Amino acid sequence: MKLGFVGYGAQAQENLIPCCRTLGGIEIAAICDRDEAQRAIASRNYDADIIFDDYQEMIMEADLDAIIVACYPKEHFEVATFAMDHRLPVFVEKPPAPSSLHLEKMIELAGQSGVTTGVGMNFRFASVTRQLRAVSEGQIDCITLRHFCNKPTAPFWNQANLLQSFLYSQSIHSLDFLIDLCGPVRDVAVTANNSTRRILMTVMLRFSSGASASLITSNTSPHFVFDFDAIAMGKRHVSSSSLWQLEVSEVGKVYNQAETKKWTDAWAPSPLDSGFVRSGYAGQMIEFLTAVREQREASISFKSLRETYGCMDKIEESLRADQQVLARRAS
Amino acid sequence: MKLGFVGYGAQAQENLIPCCRTLGGIEIAAICDRDEAQRAIASRNYDADIIFDDYQEMIMEADLDAIIVACYPKEHFEVATFAMDHRLPVFVEKPPAPSSLHLEKMIELAGQSGVTTGVGMNFRFASVTRQLRAVSEGQIDCITLRHFCNKPTAPFWNQANLLQSFLYSQSIHSLDFLIDLCGPVRDVAVTANNSTRRILMTVMLRFSSGASASLITSNTSPHFVFDFDAIAMGKRHVSSSSLWQLEVSEVGKVYNQAETKKWTDAWAPSPLDSGFVRSGYAGQMIEFLTAVREQREASISFKSLRETYGCMDKIEESLRADQQVLARRAS
Amino acid sequence: MKLGFVGYGAQAQENLIPCCRTLGGIEIAAICDRDEAQRAIASRNYDADIIFDDYQEMIMEADLDAIIVACYPKEHFEVATFAMDHRLPVFVEKPPAPSSLHLEKMIELAGQSGVTTGVGMNFRFASVTRQLRAVSEGQIDCITLRHFCNKPTAPFWNQANLLQSFLYSQSIHSLDFLIDLCGPVRDVAVTANNSTRRILMTVMLRFSSGASASLITSNTSPHFVFDFDAIAMGKRHVSSSSLWQLEVSEVGKVYNQAETKKWTDAWAPSPLDSGFVRSGYAGQMIEFLTAVREQREASISFKSLRETYGCMDKIEESLRADQQVLARRAS
Amino acid sequence: MKLGFVGYGAQAQENLIPCCRTLGGIEIAAICDRDEAQRAIASRNYDADIIFDDYQEMIMEADLDAIIVACYPKEHFEVATFAMDHRLPVFVEKPPAPSSLHLEKMIELAGQSGVTTGVGMNFRFASVTRQLRAVSEGQIDCITLRHFCNKPTAPFWNQANLLQSFLYSQSIHSLDFLIDLCGPVRDVAVTANNSTRRILMTVMLRFSSGASASLITSNTSPHFVFDFDAIAMGKRHVSSSSLWQLEVSEVGKVYNQAETKKWTDAWAPSPLDSGFVRSGYAGQMIEFLTAVREQREASISFKSLRETYGCMDKIEESLRADQQVLARRAS
């Protein structure tokens, strides 16, 4: 399968391309970047004749089976639109679109063209997510997620404000993770303590399934944190830290030495665990590429992000008043 | 200092009396229990002449400096009232009162009598709480607490329903912990997924200080869990597990080997850590007994619980509709 | 039961007396310290008429059921000898004797007098030790123990050198822990990298049972470390950290979700775990006091330390050459 | 750089090829396997014209810059010898040779041909190893390593016995890790409790540097364990678990909140840590490929394994008596 990459930045170089390379039957057939400096880096590792400065030219000239796009959100929309117009399967990094409106257009176009689409939602495929899914048997009652990071601390991607930048670069992951596990959202409530440089929010979600979730998130931690606790089936407590450890304890379960208390089932990957499986990058690429091969819709299609975008919209809306105050203060 | 104990159940036998015994200058001068079986247990360890079946008789006859009460909430009210009427310092286990109304009467009486009062809020004094207080320098922005346990699963203490039983036996600790750290509550919101035997709630608190807190709590975990993450000073992330471990990471801080990323300051007690300091039992007793000696109000006075009771009232109120449905279902 | 305490230092004040106080039916009936400053501290908490400056006087005058001794090793010998001569049950802190010769005399005297004796070997009774014993079903193949601490860094207790001070204050615990689990020692080998202020040793033990153990120990760590890994029954791996966590994994065992790999059974005490049970202090005192009541030999009798002393002797012997060099260097 | 792979088994498919693919400028130019089934798997992902059944043919025909070999130890010797004869840089998986004699011949040939050689010693390059090296500043006093796994439980690779199979497949890693950190070995002592199906050994190493190391290793654990504690510079304790966590504590160091006790510096990778850096696979390949480019000897050259083989020889020798007994028993 011949893949073309649009955007040769850090995400492409460190995760997307290496991850695709670990999969068999993949050829890195074309690379495109508008920035000359990035093309210069690419030229150290790739033949000059597969490096492009214009994605349209690349799509027209290289005989590709799919493209993988990792640029800015506005470009994601443009490139995806062009690709779908040319019936070329397209995978875009998050955020796939700069707004819900754009996403809807992309979904519409995907439907019309029948082309396979995908978005880089790796957390859905992380090893601990798979474990949680198996242990909870689809019956999550409540989940609480801590998602901390250290950026953005200023608006970027041409976005209007810090909140939007944070939602589209960070919360899209955590919200999508929760929605992927619990299904359609019935209700969103936000408590925020944001400032011009700081994001600090707690988001409460209620799902149609009856489940509820809380997301505690901020840009104030030096380290990336993605830890959760879930209650499932009214009796199982699943606790996970760093996408590395998972513990399951169950009311009434008899553990080692016939004890029911103080014992837990604990899971951790092998110390030698390598590659992109644990972090979910491998899972997302395999799902997309398999769907391309099978000419079906991927589970990570543009459409699969609709609920997450709706949720981001509601958060923005509910914080609009706060933002206006902040915007005024900043000006 | 001569102490009398009212209620010789598990809490008195396993925590309160052993903890007081580790402190110097304390005499276990009287023990009272209405239940003959409990008195029989007491008689194995204490002289018959200090064992009573009537607390009023005990208070009148034994020459006590203070009493420590660990019974049912309704009795806490009665015994505390009687003790204050007789100007005897009184410490009661949580919950100190069966309702806010009762608590207000106790606060009023404490004010009139000028007697030292105390409530068993050990989490305020746990080692990790002290560490959090020091690290956050009084500037907590946001804190999220997971408090899981396996009881109650049916109403007890003569309380109207499971929710109330859970609030008064479990949430009183977690809410008080948050309020003690963040101050007066401005706003309370609850998302619950309770049933006749299950409690599963997320409580959002906004404080006058601007801080916010979330409490995720349930009776569905086999083990007692009390874990939290706090964001402080807009840059410090404090994470604590099992009242045993605490980690602090700070944006921009230079750690070992001159690195700013992936390192954290981690704290844990000595493996030989014994006694009641870590869990906060020692701290609460020392505060109460010192206040008795100094004839001052203790930081854990009845009055100090007012905010916590107000918060429990708001939770009950906001869930009343749910409860009516559950009550009907159960009948 | 009326107890007399000889030596009112930190160990008595922080562990022995508080721990005994948590047990029922115990009276702190006498306290003795030669040091006036310590007696002054004691007088804040105890009546003057139970405080003594001479242990012989205390033993003769106070009507005691047993004495608990926590002084220097040489005094342990003297006090224990005097107590046994007067047929008074005696518990001494480690080290019970300043040499094997002294210990043998104490064992002989204990045999002649028939009096119950005990030594403060709390690690034998720690919660993780009990768990290890249960999980290994008495069939430990191999155990490796890391025992690090930050003292002594100079000879003390009137002992000849740093090595002896370290063995008698620290290694007595770790060696005894291993011997208590694995039985009589067949062979001892030591690799050391000691200096005048530093102890850094690896001790290999082979037991008559066929089991082997390694002890890695030093005085170069700021924190007290007592971590071990054991292989048992040819298929179980038991790993313990900080006397707080224990993990058991077993070849071929089917865990959660029907998987055999990457899962483990994990144990940890309750966050509210208080008192002296986990650290083993409660277990050692209960064993001694129960043995006194039942007028039998305690499992922690003087005699039970014989193998441990033999082991310390062999270590000293094998390092004698090193020490002579060090002693010469230091002088 | 055009690479040829000899042996298309699990190690090549899961680690070596994916890892090389994550590096830039690498072409998988040829794949060779004697086994038709493996070639069939390869043919799903590679063009038929780069798949070979004979490594000599592959080396002669494909225009390669280096070969990567992952077969049986005896083949490693044959293939490496052939490659060096043809002045082709060669990287072999461990064990590079079936005996010290073979290794010496390979070292000799490498010297004569001047060709770059490499061995897959990934633990030397693991993230925690790099951290340990930095923190210990080259002054390790003592290190203790737990290396547990669940295979081999029967002789393989045509090797004489289980011990040799275990040494050459497992201990080569742990011994090399220790030797790479501490330098030339002065003395080796072994305590073993092996049987026909079980390996359980403790190996004591003394190094010329004065450092000492202990390796506790077995084939009796369901999970792969590679945990160590090191004492460095007479004051630093470095503890590592699962190649994932590292803690450093130092005597006298002032930590958070101005405390010197109970705090530690803790390191862990990002939850999203992907690829082969943490496990050391990336480091080993980069070292070899860079050395090929720079036409120099790699730090993981055949020669660099000499000390490790010498150490394995001494272990075998010291256990020969045991093995003879076991061999007799098994026959």
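Residue numbering begins at 1 within each chain, and the chains themselves are lettered A, B, C and D in the order written.
The rule is short, and it goes like this: a contact is a pair of C-beta atoms (placed from the backbone, for glycine too) under 8 Å apart; a residue touches a chain by one contact, two chains touch by 3 or more.
In this text, all values refer to a predicted model and were calculated from it rather than measured experimentally.
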Q: Just tell me the minimum hop count from subunit A to subunit C, counting one hop per pair of touching chains.
A: 1
Q: Identify the chain pair with more contacting C-beta pairs: B-D or A-D.
A: A-D
(Q) Can you tell me which chain lies farthest from subunit D, using the average of the Cα atoms as each chain's centre? (A) B
Q) Rounded to the nearest whole Å, what is the centre-to-centre distance of subunit A and subunit D, using the mean of the C-alpha atoms as each centre? A) 35
Q. How many angstrom lie between the CA centroids of subunit A and subunit B, rounded to a whole number?
A. 41
**Q.** Intercentroid distance (Cα basis), subunit D paired with subunit B, Å
**A.** 54
Q) By residue number and range, which residues of subunit B touch two or more other chains? A) 223, 225, 262, 264, 268, 270
Q) Where on subunit D is subunit B touching in the complex? A) 131, 134-135, 247-248, 255-257, 262-270
**Q.** Complex contact set, residues of subunit B against subunit A
**A.** 141-142, 144, 146, 148, 150, 189, 191, 193, 195, 198, 200, 202, 204, 206, 210-212, 214, 216, 218, 220-223, 225, 227, 229, 231, 234-237, 239, 249-253, 260-262, 264
Q: Can you check the complex and tell me which residues of subunit C touch subunit B?
A: 14-15, 18-19, 21-22, 24-25, 44-45, 223-226, 242-244, 268, 270-276, 278-279, 281
